[in-house]
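In what follows, subunit A forms one complex with subunit B and a second complex with subunit C.
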Partner chain A sequence: MIRIAVFLAAGAAGALLPNLFGSPLLLTLLTQAAINAILATGVGFLVRQNGLVSFGHAGFFGLGAYIVALSATNGWMPIGVALLLAVVAPTVLALLLGAAMLRLGGVAFSMLTLAVAQAFYELALRWRSLANGDDGIAAQLPDRILGLDLSVFQQPGSMFVVCWIVLMLVLFGLSVLIASPFGTLTLAIRENEERARFIGYRTLLPRAAIYALSAAIAALAGVLFALYNGFVTPNVLYWGLSGEALVMAVVGGTRAVWGPALGALLFFLLKNVAGDLTEHWPAIIGGTLIIVTVLLPRGASGSIALLMQRMGVRTA
Partner chain B sequence: MAGAGPLRAARPRLVAGMLIQLLNGLVYGGLLYILAVGLVLIFGLRRVVNFAHGSLFTVGAYVGFTVTSVAGFWAGLAVSVCVLTVIGAALDRFVFRPLQDEDPIVTMLVTFGLLLVLEDAVRTIWGKEFLTVQPPAILSGVVHLTGTSFPVYRLAVIGVAILVAGGLSLWLRFSRVGLYVRASSVDPLTTGMQGVDTDRLSATVVAIGAGLAGLSGTIAAPLLALSPSMGGSILIDSFVVVVTGGLGSFTGAFIAAMVIGQLHNLGVVFVPEAASMIPLVLMVLVLIWRPGGLAKAGA
Partner chain C sequence: MTILALEGIGLTRRFGGFIALDSVSIALRPGEIRGLIGPNGAGKSTLMDVLSGRAGKSASGRVSLFGQDITGFPAWQRRRAGLARSFQKTNVFPDLTVAAQIGLAARAAETNNAAEVIDALELSALAGQRAADISYGDQRRVDVALALVGRPRVLLLDEPAAGLSMAESLNLALLLRDLAARWQVTVLIVEHDMEVIFSICSHLTVLHLGRILANGPPEEVRAMPEVITAYLGSSAA
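And now, the complex of A and B:
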């Protein structure tokens, strides 16, 4: 009950405040931050529950975005079906890939996540007749999507509310999952897979399920991205984006389920401040990743939790 | 006679065409092997994967480019390998050694950060435009093989890959340092307890691995257009090689590099749109068949 109240309050406050007090520029920034927060939540959740690092979540994000853009432009299917497929297809792909890749250790797994995403990047780049290569696709989205006007998804003010609600729903769902027996089981497998097997649990499927779920969250973010921008390029599949998502998750800290989302917000504030330096943005991302990984392994959320603990406040 | 001519000519042309494809596959496989074996060496000693390895390939190619334009190809090759060897030693000293007690995840994240920083550094120094390097004059001709021609330079690249593979096997099998390297890649802790200075050993090995990345980048330069992101796709293929071969296995990496070199080349020729997917599909199949990779049957 308390959990629901907290999420309702955060959802309402987050959706209303920027619209009441924010400038258009801030709203644009926050909308991007909210979409990336969903992606980062997917990446961070994988670290939290499986102890695995994905260097390729841009693959699922981009796949979701491309499915929306391609099927809307070519009129393959009604937009509602396309949106559903854009989340389901990457999820199924992740489940199958996970079943093969998770047999390996964490190091090999991480290498392969990068390889998979980069293969899709190359595919989008080379298959010009389908994906129009480097130039990307301007999606021909229909005027009404899921009963809402297209402008709802393309105006920063309203889209921020949509993204914020989706983010809150994702975080709420994950926090329920973490508290469930399945959540405990996956943590046990993360800590010691062999021991979990000895107790009698099958370990491959739960790990693959977590991987698939985190891919689904990334794909959801990709769908929102495609609706908001109406334009996708191979950059949505590039490892630069996977790296950004990782930075957000690491900066925010993955111990708390909301850590990566906080990281995404900090990330976009930093990006805004960096301003003229954005030409060297990849180097800033890389540098931040190195510094935070080495000096602040708990991330922002971990530091906040530690601070609150010291002040005698109990946190979930 | 007019009808029989094309038919009779078709078979030799087909054979020659296949030979050319095979050789081109060997060229790419060779480059891939030189890069991947560096990853295997580093993994053997440090139990981590160097995500920045593709950037070392890129830096090698660009250093080679700059020195070549001043002092010729051979100087470029020598300087590039030396520079990358020094970078490798520094990488071990300032990244791998301080982080050796941390979770491998930490080192992976740091080397991934380095990848982004190095890619940006190359873009800043040399610019985004595609650059090209001419092969050295002595290797610039073509040889005639069963009716078609093949660049000498590409044959030389295959030769270098064979030399690296042979030299490395001999070094690992017959030298004292090679023995230490093999021992350490089986069990670093025990090797350390036997009195082997694994830190010094690792500095040597990471330096060699980085030097090989530089070698691979420099000899690839006349074959590819130089761009700051050129290390990306070959890094991915070399990851697939290392995992498919069985993480840490030299023989496995060699076999996997040759197979993926062929597949990559056939893919580029016959299904250019989906060429990047082929190594991946192969990898998934191998992992289902042998979860430990080609070289490790049971694991």
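And now, the complex of A and C:
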């Protein structure tokens, strides 16, 4: 009950933000941050539950975005079905890939995630007849999506609320999963996979399920991106986006399920401020990453949780 | 004819050109507590690995559990069939609480007796603590609890008293003997502490250089000159 109350309060507080900030620029920034927060949550969840680093979650993000854009533009299927497929297809793909790649683990796994995502990037770039190369696709989205007017998804004020609600639902779902027996099992496998086998568990399938779930979250972010922007290019599949999501997760910290989302917000705020100061803003982001890694190894959320713990407040 | 609790036939494991286990056969009757002893490098832990499925396909030979051939079973399947083990080096889940990890092990077993095991191994006071935060001796007991929960039919214990004081070792050994009797668990135990071995084992198997050197009741084995020579050195024989 406390968990539900916390997420309801956070959801309501976030939904009020557009009324507090009238600036379209700020609302655009917050909407982008919310979409990226969902992507970073997927990346961070993989680190938290599987202890694995993905350099290729942009592959699932971009796949979700491209499925929406291509389906809507070519009229392959109703938009509701396309939205569902855009999440389900990357999830199933991740489950199959995970069953093969997770046998390796560690750096080899990370490199394979990078290779797979870059393969999709190259495919989108070179298959011009389907994906229009680096010119991208202007998605011909229908006027109404899931009973809502298209403008709801394309105006930053309303889209921020949509993204915020989706983010809260994702975080709530993950917090429930972490507290479940399956959450304990996957954490145990991350801690000591051999011992998990010797107490009677198969370990590959739970690990692949976590990878697939993290891919589903990334694909969901990609769907929101396609709806919001109405335009996708191969950049949504590029490793740079995977890298940014990983930076957000590291800055925010992965021990708390909400850490990567906090990292995304900090990343966008820092990017905006640094972008106003210099065109070399990535150097400031890089410097921040180094400082956080050295001084706050648990990330921003870990430091907040530690502070709250010292104050006697229990955190999820 | 009584079905054997655990039987290994012709068990062999090589590491390159080195034969760590050379066609070893071992048979445990239901309910017995068998001690597996031998000098360092004799192949005791390797035999435990081969029996429990840790050696994978690098081992040869046949293993059966109460008449069921489990040779092709991976570790998780052997555990579900009733063959559990603990490890020479403490092998727990550091970030999970004691209760959470024992509960997790219990859910994989047919009999969920987590509370009973926690109580029997005197871990109740530590149930809410992370394994990483408790003492080494307590971690050893958690390791044994992970193997014992679910009432396995056969339990392989690889130096459960390693790193414990003499009093702690003996207490743990006597506790294991009582639990094994109460829950009808057959035990194969590797232990260097002879006081522990002689206090709980009804039968001993001596390994030396990857082969079985002797088998028999503790008193007989202790008196065998070849065992004394191999185990204690030629000057003791």
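Things to note:
Note that in this section the second predicted complex is superposed on the first by the 292 of 316 C-alpha atoms of A that agree within 3 Å, B and C clash if a C-alpha of one lies under 4 Å from a C-alpha of the other, contacts with A are read in each partner's own complex, and residues count from 1 in each chain.
The rule is simple: a contact is a pair of C-beta atoms (placed from the backbone, for glycine too) under 8 Å apart; a residue touches a chain by one contact, two chains touch by 3 or more.
Because the structure is a prediction, the values reported are computed rather than measured.
Contact with subunit B, but none with subunit C, is seen for A:Gly243 once the two complexes are overlaid on the shared chain. In the superposition on chain A, contact of A:Val6 is made with neither subunit B nor subunit C.
Of the two partner chains, subunit B is the only one that A:Val116 touches; subunit C does not reach it. In the superposed model, A:Val152 lies in contact with neither subunit B nor subunit C.
Within the superposed three-chain model, A:Met77 lies out of touch with both subunit B and subunit C [touch as defined at top].
In the superposed pair of complexes, A:Ile199 makes contact with subunit C only, with no contact to subunit B. When the two structures are aligned on the shared chain, A:Ile304 is found in touch with neither subunit B nor subunit C.
Counting residues of subunit A touched by each partner, subunit B versus subunit C, the larger count belongs to B. No residue of subunit A touches both subunit B in one complex and subunit C in the other.
Subunit B contributes residues 43, 47-49, 51, 99, 104-106, 108-110, 112-117, 119-121, 124, 232-233, 236, 239-240, 242-243, 247, 272-277, 279-280, 283-284, 287-288, 291 to its touches with subunit A in the complex. Interface of subunit A with subunit C (complex): residues 181, 184-185, 187-188, 191-192, 194-203. Those residues of subunit A lying in contact with subunit B across their complex are 51, 53, 55, 97, 100-101, 103-108, 110-112, 114-116, 118-123, 126-130, 239-240, 243, 246, 250, 280, 282-283, 285-290, 293-294, 297.
Of all the residues in subunit C, the ones that touch subunit A in their complex are 52, 54, 74-76, 79-80, 84-85, 87, 91-96, 100-101, 103-105, 107-109, 146-147, 149-150.
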